[in-house]
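Order of writing sets the labels: A, B and C. Residues in every chain begin at 1.
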Amino acid sequence: MSLVLAYLAVLGAFAARWLAQQHLADRPWLTVGSPHPLVAPAAITAPTRLGLGIFLASAGLLFSLLVAAYAMRVPGTALVPLDPRLLWLTTFLLAGASLALHGAHAAARRGREEQATAALGFASAAGLGFLGGQAFAWQALWQAGLVQGPDAAVAFFCLITALHGLHILAGLVALAWITARAALLPRPPRLEPGTALCTLYWDALLAVWLVLFGLLFRTPWSGLIDALCRPG
Amino acid sequence: MALILVLIAVASVAFHLLSPWWWTPIASNWSYIDTTLIITFWITGAVFVVIVLFMAYCLWRFRHRPGRQAAYEPESPRLEAGLIAVTALGIAAMLAPGLVVWSQFVRTPPDAAEVEILAQQWRWSFRLPGTDGRLGAADIRHVGDDNPLGLDPQDSAGQDDVVIDGGDLHLALGQPVKLLMRSYDVVHNFYVPEFRAKMDIIPGMVTQLWFTPSRTGSFDAICNEVCGSSHYAMRGRVVVEDEPTFRAWLDRQKTFSQRAARSTSTREAGLHRPAIDAR
Amino acid sequence: MSDAITGPQGGSPLLPEADDLYHPHSWWTRYVFSQDAKVIAIQYAGTALAIGFVALILSWLIRLQLGFPGLATFIGPAEYYQLITMHGMIMVVYLLTAVFLGGFGNYLIPLMLGARDMVFPYLNMLSYWIYLLAVLVLVASFFAPGGPTGAGWTLYPPQAILAGTPGQEWGIVLMLVSLILFIAGFTMGGVNYVVTVLQARAPGMTLMRMPLTVWGIFTATVLALLAFPALLVGAVMMLLDRLLGTSFFMPAIIEAGQRLRYGGGSPILFQHLFWFFGHPEVYIVALPAFGIVSDLISTHARKNIFGYRMMVWAIVAIGVLSFVVWAHHMYVSGMNPYFGFFFATTTLIIAIPTAIKVYNWVLTLWRGDIHLTVPMLFAIAFIVTFLNGGLTGLFLGNVVVDVPLSDTMFVVAHFHMVMGVAPILVIFGGLYHWYPKVTGRMLDARLGQVHFWITFLGAYAIFFPMHYLGLLGVPRRYYETAGLGFVPPSAETLNAFISLVAFVVGAAQIVFLFNLLHSLRHGAPAGGNPWRATTLEWQTPETPPSHGNWGPALPIVYRWPYDYSVPGAPEDFVPQNQPAPIRAGAVP
């Protein structure tokens, strides 16, 4: 659970920093009128972006709980009988999707809608490729009859990647929605806000995936993750 | 309302003092637990009565009457700090003895005699070490009709273990015991109200608990963690008796190897012992 | 100075003009698939109260069995365990959580903050419909083959998914699916509430000018967003264990003489996940209740809440601490016993901010002008029951005292007092208080008094003596205690008494239901601000507030929400949006 508590501590630090700016020590009964500017500060986060951030914080806790559960349940030596090269491939696809989205976002901000749409298409394709790769891995494990057995490493692999995959799937639906609107509507809305949200979402999912990948397989950064979630 | 609040405070205290429902006479060394509980009762009871009576007074004294205006006082840092300090003190007064007793609770004395409890839906079995004073290894793999506790037939330490399957558990007065508890199906909990102590029994691991019986008698042991539809009927019995009686009882029990021999002979005679199944 | 602001919108992109709002076009979108937070609030509260009534009837059946064992022949052990499981789960999750966050949260957050609506109305609507689906799936388990699950509301594996527990076939699956749906639905609502509080406050509504109700609901929502993932993980893993045969929680098991295919799993892992959710859940229910009760007391005692700052800090402190106390439910679970030291300490520390809240409620009464209206009666009854339940919590939190008491009737009495009776009294108080705003009519006060006295005194008479049964050692979740040597016959008498009172208290809720429906048409017209309260929801141009809440211009907030009985003011309350600086020695 130390990873979960560390995660909560990070969230708590954000919350504390924010609360510290909210004048919580004011005596509100002494200040009638407008003690602080009535108009909200100019550089404020868009509500959708904030909402997505809060959702991601919640989803992040979901994955850190899964990691904590994995660390409690599965011995450090247990391995999933899969070719790691497949997982490296899907990792690169996911990273590629993330990069493509950054490109799309940059293009959309500069008003190059065509270029942005193309990048979005590439990101969708890479995302689909990622899911395809994961599906291939699940199918291999399923056919080996490993999922249904008491092998915890395999079961955790399937559970964690499936939940992660569901989030990716939701992201793909959102991507498809933006792309379709841009392509089909006669007067398409601006691409920029949508791509910004998708980029944030994919970056977060990529980060989650890198942690999960490091946990489930031997990667260069596995040592760091082990140190975080298996102290002592 | 004010009157009713006073009544509630008085009635609660009266109920506490006059109630015929109180804990069972203790039969183990955990009288410290009772002491901590009593301390907690005194502190919390006092707080309850004071606050409820204060509230009753306020409700009566400051009830609405025409022309009445409430005072305007947003806060009083000194009063609040004082209240926090008093509360913290009260909390510490309860927590400190609690933690001291807990440190005894988790530290099993080295001379404690080991007794194994196996919980299954919905029955208790017990195992006591034989003359060698050690319990033999056991594992779910060895469980069979004639070996309900799953003792390892290869382990010599287990051969003289006394297996009690379906009978009462006897304990010697004044001898600290360390219960090693296992389950082969679901989570159970071994609870004898008179001993105060209890602990869950988790399948897949061994949980433990220690106490010293301090009073002879026969006590109900119950399962105290919901374990299926006959949870309420999962009962056993613990008999505490003095050392000589306990020894005599122990000598009458069959050891694991004797039971194994007997069941082999019944099998050879073509008789089948029915499968152990409480349902 | 505030007068310098001419345009109430203040130019912020987050405070939409009335035209920007979604507008319903038909009866369906106005009343059924509505995106108006007020309609969604009523839908949430109505659904929750309806399923809560089911749980009330279940509790009658439980008491029937406990008070008069053998009388109801249709309640066997299996049915009994199904009853307690469904009663517990419905009350904790589907009633209390849904009413406070979905009901009160949806209605009060936008109105109290001076917003037109939630920030994401569509998501809000979706949240309700998914909640309804979750409730329906739960109800469906009553009719599934084998009936609902009887695993206890804690759903501890392995027994929850083994054949020795009723409802193993369908009940547990439907329960887990329903919980997963509930969490999905709640997450949509929760993100919404948080963003609304953060960004859609009216001009001048600083955090320290928010009513404590909003503080309570806001903090509870944040807790829920961080606690529910743990339940989700647990539910999904158990579902896989049940359906696919994985072994997340399942060790090697022999059932009915058969060795099952499970192995290596950890039942304690589930308990950690469950209580990582379960303990914050207590505060998810309690914090909104704290907030609402603060506002009720302040309004009806015509006095500012005492120590507002301390109240806010206490709410935040409780929220933070509630994440490091979960294992106090697991002192005797076989986990590493040395955790007991840590968790007992954190648990007793959390009592300090909680005690501060109680002191401040009581000190608010001091030198007040107390109107014993029906909402006020409920608020005071809340303090008594919460105080009682909170103090018995000190027994259970103190690790060693918990050892003899855990899983006895003492625990049942404790948590019913503290998170059953107390929050439900607040729900009633809140309904009596805000019903006039929702419908424009008052609830009948005489019926309210009848309802209150029976409910309060009855509930106290049910749960106070029950502690002593627990002290005696009577275990919880026992179908019958016959044959237990340590249970004297007099305990049976006490059980019968408790059951009789429970029947009466249950029946009294029919009075409330009648009042609720009757006053809809025949209640006295309330006017806009019947309680002469300061907070913004009472200052709407129309009652009930129309869609968009505020007519053409958003309110501007000039003061904190507790300006009652201000010296020198013409009235004994000054609404939050009243500009003139009324305060002796105040800084304009």
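The definition used in the following text is that a contact is a pair of C-beta atoms (placed from the backbone, for glycine too) under 8 Å apart; a residue touches a chain by one contact, two chains touch by 3 or more.
The structure presented is a predicted model; accordingly, all values stated were derived computationally and were not measured.
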item	value
Touching both chain A and chain B (chains)	C
Far-end chain from chain A, centres as C-alpha averages	B
Chain A-chain B separation of Cα centroids, rounded to whole Å	45
Where chain B and chain C are represented by their mean Cα positions, the distance between them in whole Å	31
Where chain C touches two or more other chains, by residue	264-266, 304, 308-309, 562
Contacts with two or more other chains, residues of chain B listed in rising order	74-75
Residue list for chain A, restricted to those that touch at least two other chains	27, 29
Touching residues on chain C, where the partner in the complex is chain B	77-78, 81, 150-152, 154, 156, 158-159, 162, 164-166, 251-257, 259, 264-268, 301-304, 306-310, 332-334, 337-338, 340-341, 344-345, 348-349, 351-352, 355-356, 358-360, 362-363, 365-372, 377, 380, 383-384, 387-388, 391-392, 394-395, 398-401, 403-404, 406-408, 457, 460, 464-465, 468-469, 471-473, 475, 477-481, 483-486, 488, 490-491, 494, 562, 564-567, 572
Contact set on chain C toward chain A in their complex	1-2, 5, 10-12, 14, 119-120, 187, 190-192, 194-195, 198-200, 203-204, 206-209, 222, 225-226, 228-230, 232-233, 236-237, 240, 244-248, 250, 261-266, 269, 272-273, 276, 304, 308-309, 312-313, 316, 320, 323-324, 556, 558-560, 562-563, 579, 581-583, 586-588
Of all residues in chain B, those that touch chain C in their complex	1, 4-5, 8, 12, 15, 19-24, 30, 32-33, 36-37, 40, 43-44, 47-48, 51-52, 54-55, 58-59, 62-64, 68-76, 79-80, 83-84, 87-88, 91, 94-95, 98-99, 101-103, 105-106, 120-122, 140, 143, 145, 184-187, 189, 191, 193-194, 196-205, 207, 218-220, 222, 224-233, 235, 275-277, 279
Chain C partner contacts - residues on chain A that touch it in the complex	1, 4-5, 8, 11-12, 15, 19, 22-36, 38-40, 44-45, 47-48, 50-51, 54-55, 57-59, 61-62, 65-66, 69, 72-73, 147-152, 155-156, 159, 163
